[in-house]
Amino acid sequence: MQEKIATLSEAIELVGDGQVVALQNMATQAAPMALVRELIRQQKRDLALIVLVGGMAVDWLAAAGVIDRLIGAAVSMEQFGLCRQYRYAVEAGRIKVEELSESVLNARLGAGARNLPFLPTRGAIGTDLIARNPDNLKMLDDPFGGHPVLACRALVPDVALVHAHRADRYGNVQYEPTILWPDIGIMPMAAKRVIVTAEEIVDTEILRRNPDRTRLPGFIVDAVVEVPYGAHPTSFFPNYTYDSGFHREWAEAARDRATATAFIDRYVRTPSSQQEYVDAVGDVSELSTIQTAEHSG
Amino acid sequence: MQEKIATLSEAIELVGDGQVVALQNMATQAAPMALVRELIRQQKRDLALIVLVGGMAVDWLAAAGVIDRLIGAAVSMEQFGLCRQYRYAVEAGRIKVEELSESVLNARLGAGARNLPFLPTRGAIGTDLIARNPDNLKMLDDPFGGHPVLACRALVPDVALVHAHRADRYGNVQYEPTILWPDIGIMPMAAKRVIVTAEEIVDTEILRRNPDRTRLPGFIVDAVVEVPYGAHPTSFFPNYTYDSGFHREWAEAARDRATATAFIDRYVRTPSSQQEYVDAVGDVSELSTIQTAEHSG
Amino acid sequence: MTTDWQSSPVATDYAVDELMITTLAGLFKNGDQACNGMASFIPVSAFMLARLTHAPDLVWLASAAGLDPRPDRVPASTLEAPLWRDSVMYIEQYGDFWNLALNGRWIQKFCVGAAQLDRYGNANNSVIGDDYDRPQVRLPGTAGLADMGSIGKQLYFWNPNHSPRSLVEKVDFISAAGYLDGGDARERLGLEGGPEVVITNLAVMDFHPVSKQMRLQSVHPGVTVATVQKATGFELLMPEGSVPETAPPTEAQVRLIREVIDPDNMRKRGFRGG
Amino acid sequence: MTTDWQSSPVATDYAVDELMITTLAGLFKNGDQACNGMASFIPVSAFMLARLTHAPDLVWLASAAGLDPRPDRVPASTLEAPLWRDSVMYIEQYGDFWNLALNGRWIQKFCVGAAQLDRYGNANNSVIGDDYDRPQVRLPGTAGLADMGSIGKQLYFWNPNHSPRSLVEKVDFISAAGYLDGGDARERLGLEGGPEVVITNLAVMDFHPVSKQMRLQSVHPGVTVATVQKATGFELLMPEGSVPETAPPTEAQVRLIREVIDPDNMRKRGFRGG
């Protein structure tokens, strides 16, 4: 196996302006936020972002002018409200949205992973999503005479960004027992390149103890970076919960372009490392959750 | 949740003559052999059997005249040779074979599970499998202008038979960390009914300790039976390995119809319970494997 | 299961969120499978209540991901790990959840909120305004709702702010298929299921079996038919005979909601003053 | 990694199964991904040998299921748990394995045996005889081979019994697409990859780059071209110039095979007298 260890900076240098970037994220859960901050620090431009349910990451990338297209099923910080900077950018026409239902997004990514031109679903039939997206969604007759299906064209991200509990230096990626959303499965499987941050880099021997928990084989991973609290301020169970105070602070700052920019300057552009970011945030250790019996194997 | 506890006899009474039965099995691995024996004891007839890679179960069912159709990718006992009773029955025209590649079988079952009329693959294109199976396989143009795909028609088994490490009385089914073949995933998901045998029935509290190991939710399961050594003579790691002596004995008996019938009389028709079967086989405890560190969570 | 919930007297002290929860809970049958999405405090409370009362075998897929969990109370998020605590199964999403969901036999009922809902139960969570690419308001997006609307589910809408802005003549964008133009429009596309009930802070509505137009089913205690109609952006069909009053919660139900299920009052979020 | 394997002298004491293993192993590059199916003792031995010598980073998906395992030796089955002992990852089959396999970028090489192989590398593991429904011989079936033949893999065939019955003019049934009728027949169907090499107990063959007909590449030490041609059911193309001899194993390779990789001689199965 080949070594894939990189710094945040080296890893994000693999992302080119204008590329299609798939991002792990579910509202307030499990986004590779250290990679998101590095996208902003490196001033990437014109990225298209794929999310299942995007949260603060989308708002930051919108505020910083990194993305001009969003492909996804929803954007929301749930209890902390809509993503206002994203919303304003869409309403101003600066970000174009390709809205897909979950089963359609899954089908598009699944076709990308499998090198199929499309996969079908029966979801979203009858909605306006189809007419808005004729390049990628077409009704298709069943060759066996049944109901027509919605053919969803293959979507191949240029790069997928994910955060994991642990990885080895060869890029084998492991998660603790957790809900497996599509963003840690089909998104990286479909992507041309995969960049991983992990709470810790461990010896391969550790992974071999629980081969059922390894989700991505090293040979599809291009770079792996050790980043403790790499998902902060989103949650990363069982390690830590989402940072409510930080989410509220951002939700307030995001009401206005100037305060949003000041927030991003303070927490994203100024800290030059994950440690400086964590120091700027304050005490994150209180977010750590107690690993309960049902989470340990 | 509703209780699903049944006896082997009650469970197999859910299977009707002429039905399509999906069977967990990979050559010498993990077949629900107690259920297979009960199919023979109840003298089921004209069943179609779906297997990914069928082993001794197929041979027994062929020898006992239970099946007249096989839908699957391969039939072999690997190191113990071809399944001769099955082979002779096919060569005599008594069993009709619908041979599918693995990706085609997966696509057919996946479409069945998802209530889609078909799923596509790029596997098997160019082979004679397609011309032999025009009702279920058709080349289909990509509506987006790419390469054509092979559309694989939905396959919905009437019943799926699986064996698991543990289940609760509500039919929630759990496996130890192991290779997840499609026969414990998409086969039961696609089936109208699911019958489960488990090495042990446990309290639901036990399952809650490892929710990531639960593979089938109770609400799709119709019957669950506690059957220790329920996969014998196939392997069921980490609990026990395959029974080489028993496989060799059958492979020898299967050369001839009379010896095959005598074997089945002795081991299948005569024992009236799992305990009597195990007693007839002899000492199975030596098949138990030592649970190694990497198998325990 | 609390056994005294049925013999308990009708409550006099209850809030409209509690009425909505008991009304929704009453629609779940023992043995149904139900799932929630994010920001779904009313449905989550209703599942928990139903399981504690008349439907102990209601199968709950928390966040569509955790099977039959035991959260100690309604948590601050309905899309985070505390909700699926002690699950019997973690349902892998890309494969297993959609295998179950797309198969019409499972997960019969889906509860959801919609920014706009029209006369035929078409739902909009995408954009307000005519120009999709420069909308007046960019909403969160359809998430799984667009799927659930087309794959044989019964849709239960809840709306804490019944108003002509949320109940409109025609949605600006169909994020989820209701009855489309009404009548047999769904059948013609081969779509089963569809909108079943709309529970708001004022009333309960269903859909006429033939025309598929939204129809008043009951008004909440103290609310008049005229108030409901005035708060609705289109003319509601009326039931035959007089309009009944929505059945109020029992004291036991209110006590369960306040003391056991949701002591942190998460259910009040999204309500004016909540 | 054993470091002396390259400087080791050429072996004089070796069996043909060992020659086939070293020949196959030599075709794997460091960083390739490779997987085996059932009854695949020759490929499994070759993977293990390559990883111990020139290709330590060869990624092995044991039985297409266990990533980079550490079996202590070749076990009695190549489709059972002892083979994927100590894996880094258990690859779930329905989803993950086929995501990887159908994506042409991964798992470049697939090694397989075939009951019949024809002039254009079409393979048959299904039926012998003209009547599919009443065949002379019902073979095991295509398993994953029919897929691997159509999805951009390089196919490496191994055959312990080179004979006119296994190398035939035309297969009775195409279980896996080779070059079909030859020439650009694969390209016309949009199929990438295809048969690359055939290693038998007598010789090594490849395929002509334009006509796609099977071509002799080398004969094993002590085997004549005439012997190979006589054992083949169709006329083999000849390479330009004289036919070279297959490079024999080194002593170190033979020692690794016999003492470390396969002390139980599983590799001899399927060979006459094996």
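A, B, C and D are the chain letters, set down in written order, and residue numbers restart from 1 in every chain.
We take it that contacts are C-beta pairs under 8 Å (C-beta built on N, C-alpha and C of every residue); 3 or more make two chains touch, one makes a residue touch a chain.
Predicted, not measured: the structure shown is a model, and the values here were computed from it.
Visitor: Which neighbours does chain A have in common with chain D?
Guide: B, C
Visitor: Have a look at A-C versus B-C and report the one with more C-beta pairs in contact.
Guide: A-C
Visitor: So the centre of each chain is just the mean of its C-alpha atoms; given that, what is the distance between chain B and chain C in Å?
Guide: 40
Visitor: Find the geometric centre of each of chain B and chain D from their Cα atoms only, then give the gap between the two centres in Å, rounded to an integer.
Guide: 29
Visitor: For chain A and chain B, let me know how many angstrom lie between their CA-based centres, rounded off.
Guide: Those two chain centres are 38 Å apart.
Visitor: Can you pull out the residues of chain D that are in contact with at least two other chains?
Guide: Answer for chain D, listing residues that touch two or more other chains: 66, 86, 90-91, 94-95, 98, 102, 151.
Visitor: Could you list which residues of chain B touch at least two other chains?
Guide: Each of 110, 114-116, 121-122, 147, 177-178, 185-186, 208, 211-212, 294 in chain B touches at least two other chains.
Visitor: Answer with line, ring, star, complete or other to describe the graph linking chains that touch.
Guide: Basically all the chains touch each other, so complete.
Visitor: Please output the residues of chain D touching chain A within their complex, sorted ascending.
Guide: Where chain D meets chain A, its residues are 31, 33, 57, 59, 66-68, 86-91, 95-96, 98-100, 102-104, 106, 151-152.
Visitor: Spell out the residues on chain A that touch chain D in their complex, using ranges where they run on.
Guide: Touching chain D: residues 1-2, 110, 113-116, 168, 172, 185-186, 189, 204, 207-208, 211-212, 214-215, 217-220 of chain A.
Visitor: Could you list, by residue number, the parts of chain A that touch chain B in their complex?
Guide: These residues of chain A touch chain B: 114-122, 136, 138, 140, 142-144, 146-147, 149, 151, 153-154, 177-178, 208-213, 293-294, 296-297.
Visitor: Please name which positions on chain B make contact with chain D in the complex.
Guide: Result: residues 26-29, 53, 72-76, 78-79, 82, 86-87, 90-93, 96-97, 99, 101-104, 106, 110, 121-129, 132, 147-148, 177-182, 185-186, 235, 237-238, 241-242, 244, 289, 292, 294 of chain B touch chain D.
Visitor: In the complex formed with chain A, which residues of chain C make contact?
Guide: Where chain C meets chain A, its residues are 38-39, 63, 65-66, 76-81, 84-86, 90-94, 98, 101-102, 125-126, 132-151, 173-177, 180, 186, 189-191, 269.
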